[in-house]
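First chain written, first letter: the chains are A, B, C, D and E, and each begins at residue 1.
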Amino acid sequence: MIEFINVDKVYQNNVKALQNINLQIDKGEFVAVIGLSGAGKSTLIRCINRMHDISQGQLIVDGVEVGKLKGKEVRKFRRRIGMIFQSFNLITRTTVLNNVLVSFVPELSYIRKLTGFFSKEHKIKALTALDQVGILDKAYVRVDQLSGGQQQRVALARTLAQNPDIILADEPIASLDPVTSKQVMDDFQRINREMGISVIMNIHHVEVALEYAERIIGVREGQVVFDGKAAEVTAEILDYIYKGKAEEILENLEGEEAYV
Amino acid sequence: MIEFINVDKVYQNNVKALQNINLQIDKGEFVAVIGLSGAGKSTLIRCINRMHDISQGQLIVDGVEVGKLKGKEVRKFRRRIGMIFQSFNLITRTTVLNNVLVSFVPELSYIRKLTGFFSKEHKIKALTALDQVGILDKAYVRVDQLSGGQQQRVALARTLAQNPDIILADEPIASLDPVTSKQVMDDFQRINREMGISVIMNIHHVEVALEYAERIIGVREGQVVFDGKAAEVTAEILDYIYKGKAEEILENLEGEEAYV
Amino acid sequence: MYDKIFPPKKIQMPNGKTVLEKRSRTPLVIILIMAGLFFSIELTNFDINQIIKNGYKFYMIIEEMIPPKWEHLPNIWTPLMDTIKMSLLGSVLGSLAAIPFAYLASSNIVKSNVINTAARIFLSLLRTMPALVTALIATFVFGLGTLAGTVAIFLFTLSYVGKLLYEQIENAGMGSFEAMESLGMTKSQAFRQAIFPQVLPNYLSTSLFCFEGNVRHAAILGYVGAGGIGLLLDEGIGWRDYASVGMILLVLAITVFAIETVSEHFRKKLV
Amino acid sequence: GDSEEGSANESDNEAEASDKENSSADSEEDSEEAAGESIDTLSIGFVPSRDPEEIITATEPLKELLKTEMAGLGYDIGEVEITVGTNYEAVGEALSAGSTDVGLIPGGTYVLYDDGAEVLLTSTRAGLSNDSDDPKDWNDNKPTEPVDEQVTYYRSLVIAGPSAKGQELAEKVNNGEELTFEDLNSASWAVMSSSSSAGYIYPALWLQENYDKTITDLENLVQVDSYGSAFARLAAEQVDIVVSYADARRDNEEAWQGEFEREGSIWDETNVVGVTDKIYNDTISVSKNSEIMTDDLKTAIQQAFINIAQTDAGKEVISIYSHEGYQEASSSDYDNERSAQEFLQSLN
Amino acid sequence: MNHVEKQLYAAPRNYLYLYTVAFILTVLFVWSVSAVSLNDVKESGLSIAVNIISGILTPDLELLLTFNSNGVAYLLVETIAIAFLGTIIGSILAIPLAFLSASNVVPKPVAFLTRLLLIFIRTVPAIVYGLMFIRVTGPGPFAGVLTIGITSIGMLSKLYVDAIENLDTSVLESMTSIGCTTMEKIRYGIVPQLFSMFLSIMIYRFDMNLRDASVLGLVGAGGIGAPLLFAMNSYRWNEVGSILIGLVILIIIVELASNKMRSKLIKG
């Protein structure tokens, strides 16, 4: 269970990215976070596995207060949380399998770490993860030869191999075409349902969010402005989540005089 | 008017990308071409301005048989047809204005071509085009500093500066987020309506296609499998256009044995 | 081939599926490299012990170079300027001449295998021709002195920049080139508008790198009478006057540093 | 791997050495042979003073000759390594650092590197039919031929070429006129690298003695990489004057009318306008810093080369350098050369 | 004046900069042209040049086809060995230097000092290195190996630095999220990326080192360089020709192979 209690996040440049967030996400939920660009979605997600430190408040994951963790504990804590990025963040110039195997690196003995030889069990685990996202046949292909959707699946497999309790996904389908998007979203859904892994996902595609997520969190200017079942989301709510800025943009476009 | 008469297109590697296409697109129409990846949408569009040569049949644009044009005539012919790409295809590392100005290059004197100095009239024309798509204020900004949507608008302005009769757009919003997509699509619609320029667009987002286009052409495995008003498109029709392959993909995913 | 000799390993997965893991090529590559190393060491009498034992002797010449002989400075100016002049002229002309050759050698722009290959072989031959040979021939055609050196540098620059440039052109994004073609431009116009700006920063930095290299190479060209600071360097070495050699090298190093700084400035401007 | 190979060869050579009856070895020293010291490799460096390509092939037999000869003197040498440096400095540096044991180097190079090298022998060679220091004599008695007499020196010549300027200077000399420095300065010169005795140092001294000027005072001066190149440029009329060892015209006689495409012979088209002092012949020097070098070894090497030069096979080998024999030499023989170099360097 | 025209005049003016640069370039160019004087050009020189070229074009095939230790084939093999070993030594030495001069890895002053050091290493000509190493190893291919090694450092480390500065660091972020330590991130996130880039750079430099064989000749450092230089000095151009033919064939083979390997390394 993830719990945000009065969480604030201020970046060094004094940008208030999150303000007074209170949230509670249960195990096994599929949550979509929506909102305009710059609303603070990425910040919200990244605080969970402490890629960013929060400035104020408490963030408790499965009873552990994240902010209190130190050095090694942080790394150990992160191993339980998978993270998927918009740009896949794979190691280029190496094979799919190697990319998945990376998730075992922290468990390796010192010598294996240096030489980069993985045991057969690890290989089988990694291959199983690839099988779960349906790209087992690409195991020995270099990742740069895969399409975007396939690359995202590799990232997904890498995360699955980690055997996480929670998956955080930061716009996982933003650079994918709709068909591939659908496949990747189906994967997420399956993983969520079959393995009971919580999924918290930032997403720009509202219609996709509504289709797949059970729960929607709307973020606007660093604040949670909506939190409810996907089925409850109406056009007005969307308008409310997105409105502030949409108008601004339009205004900008129709500005009478343009300056450089 | 664009007329396809029994057009076939076979790529050098023997891929039959188009088969027996018969189409007629009138001046001022807004046509969306939809279909699966690899169906032949891009090929269809690219044949129109002869970025690809057709293999069989006739393609007639405004009474001119495209296949018969030679060297200089092809280039002259292309000037009347604007083209927009999914990845914008702007010249990076230079300003927005310069990107629009390039559309005048074929008209320039030899010296100007080499030195890259443009006359004042050309500059005004280019700025006007930028104004039409609402990014006049970005004229002297380097394109790599713009967002995706803004970049696509620069591409649109470049095409408008060309003063074309027809605009071909190959997935112009595929790499844009929904809000920006909407703005760009609105631009297309305005250009189509106000200037009477025909727009033929490949697009993956069916719902967007249905919203903006008057006419939908469904392509499947190189053949036109649907051609009709956007209003007439039903779920069954979409299913028919997209189905063939969707199943295949799924099959692929569930393949029993995987080889490298 | 390899897979036939070493059949892929089967990995059995718990859910019954099997995956064929190709045998890694790494052992083969390592064996090849080891064999290469072994033969090279044999052929060249490479002996690490000798380095350990006599390594200190390496520094003797350097020690003699320090401190450099400052009085030598006035003698250096003119030949240094000659060297810079011929490197500059040769590099500028060479880099410019490289553009058309690189254009012809790029398979993504000129779609003719014959032309591509011809241009590439030309560049490759030019690159193989040792600078000393070209410089020597040039001294007969153009007389002893800096003109001959300039010609040798020109040819070298042409071949070096030409090769790197065509590789960059082939790696350039073709999207904007396509867009230019769709605007009705000819290939060369589209190249000028879309590809050239993309490769420009790299082209400039390659050219400047080459210029800098040429200043240093010009030091060797003096050997065959092609003028420049090489004569002076040769004389210093001949007389075992390493303090003067040190002075020349110091001046050269400062020149190289200046060129590199300028080069950085423009690259930052452009990228 | 090296040392193993060396010792493997050693036994072979021993067998070989005892097989062959040495004609020239002293029989007294033969008895010491059994207790002889063994040396893995003896490396000899040659300077490229003649035709380096030929040096490599022609000196191949020297390896065996030297081994046999040294065996006779009580040294088992595993391998004789011969390298021809592409320039004088390479051989000099190697010798002074001790990475080469023996060097066949010119006197000038020896003097420059005498901090690490010690001269053992001076070569003797056939004198030339002309040994006058008056240039006119050289022009009157063309062509120059070798004679039987052995000498330990040679000379360098200042040679005017077929260009108008060259002809003009030659004319004056042959009319018995003294050339002025202005005459010389109006011509263009090709010289060798500044450490070359015949191609730079002695001509510079000649200028100094006769005109109180030095080479760098000449306005039209180019340095060329080889004597071949110098004569090619003389033939091409790119330069008016070259300086070279006295024999050089004989060496380039063929090329002159061949590759250089001159109509007349080299003897007709070139004239001597200056003759330098005597230049001591090439030396055989050893490294002071080589690990294997001992006084005994030095004496042995000295003796071995003198012996080799007396055999027919040996004569043929050293003829490539136009050496015909060796005489013992000492450092003081090169004092002249030393002062010449000191003087030239002081000008810089 | 409407807003379009207003924008026209709002164009940022960096003409001053452009004109200054153009002016300086022109001045430099004109100045450098003064290096050229055509009055040394002589007819007869041309005919010798023609003879040289025709000599090169009628190579001494015997030399080319001799397979003993004086034949071109053997010398080329020796050259390959020198270039191979030299490249490996240079590549290894260049790695620490490259990291020390990459401004995104070490603090600025360290990077700057390393850069200076690299400039000095680059500036010393091969002929001087040759002499230095001959003191250590004696003349011969061993000295050649070391010379090639050290002269390669300059370019290698420059290209390495480019690769290091272009590292895709996004993967590090995801490795952080997996819970990797810095060392693990370097080993699994950076090394695989750099490995193939570095290898490709090394292959490229090997190709260049083969060509630099002629420079090696200057210092008597073995391989094909010395015979080439000797043949040049004694004006045996048909020998030069046969050596060059050997060199060209070798280099074209190596270039084809290296292009293939490099594109495989980079593009997979």
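Of note:
Note that a contact is a pair of C-beta atoms (placed from the backbone, for glycine too) under 8 Å apart; a residue touches a chain by one contact, two chains touch by 3 or more.
Everything quoted here is computed from the prediction, not taken from an experiment.
Minimum number of contact steps separating subunit B from subunit C: 1. In terms of the stated touch criterion, the partners common to subunit C and subunit E are A, B, D, listed by label. By C-beta pair count, the most extensively touching chains are C-E.
If you average the CA atoms of subunit C and of subunit D, the two centres end up 38 Å from each other. Chain centres here are Cα averages; for subunit B and subunit E they lie 45 Å apart. Between the CA-based centres of subunit B and subunit D the separation comes to 79 Å, rounded to the whole angstrom. Contacts with at least two other chains are made by residues 131, 136, 139-140, 258-260 of subunit A. Among the residues of subunit E, those touching two or more other chains are numbered 3, 7, 10, 12, 40, 42, 45, 48, 131, 135-137, 140, 218, 229, 232.
Taken residue by residue, subunit C touches two or more other chains at 17, 19, 21-22, 45, 47, 54, 57, 60-61, 136, 140, 143-145, 223, 237, whereas all remaining positions touch fewer.
Chains touching one another, given as pairs, are A-B, A-C, A-E, B-C, B-E, C-D, C-E, D-E.
Residues of subunit E that touch subunit B in their complex: 3-5, 7-8, 10-12. Remark: subunit B residues 97, 120, 123-124, 127-128, 131, 136-137, 139-140 touch subunit E in the complex.
Within the complex, the subunit A residues that touch subunit E are 49, 51, 74-79, 81-83, 85, 87, 89-94, 98, 102-103, 105-106, 113-114, 116, 142, 144-145, 155, 158, 162, 168, 256-260.
Against subunit C, in their complex, subunit E makes its touches with residues 28-29, 31-42, 45-46, 48-49, 52-53, 77-78, 80-82, 84-85, 88, 115-116, 119-120, 122-128, 131-133, 135-137, 140-142, 144-146, 158, 211, 213-215, 218, 222, 228-229, 232, 240, 244, 247-248, 251-252, 255.
Considering their complex, residues 40, 42, 44-45, 47-48, 51, 55, 70, 130-131, 134-140, 217-220, 225-227, 229-237, 239 of subunit E touch subunit D.
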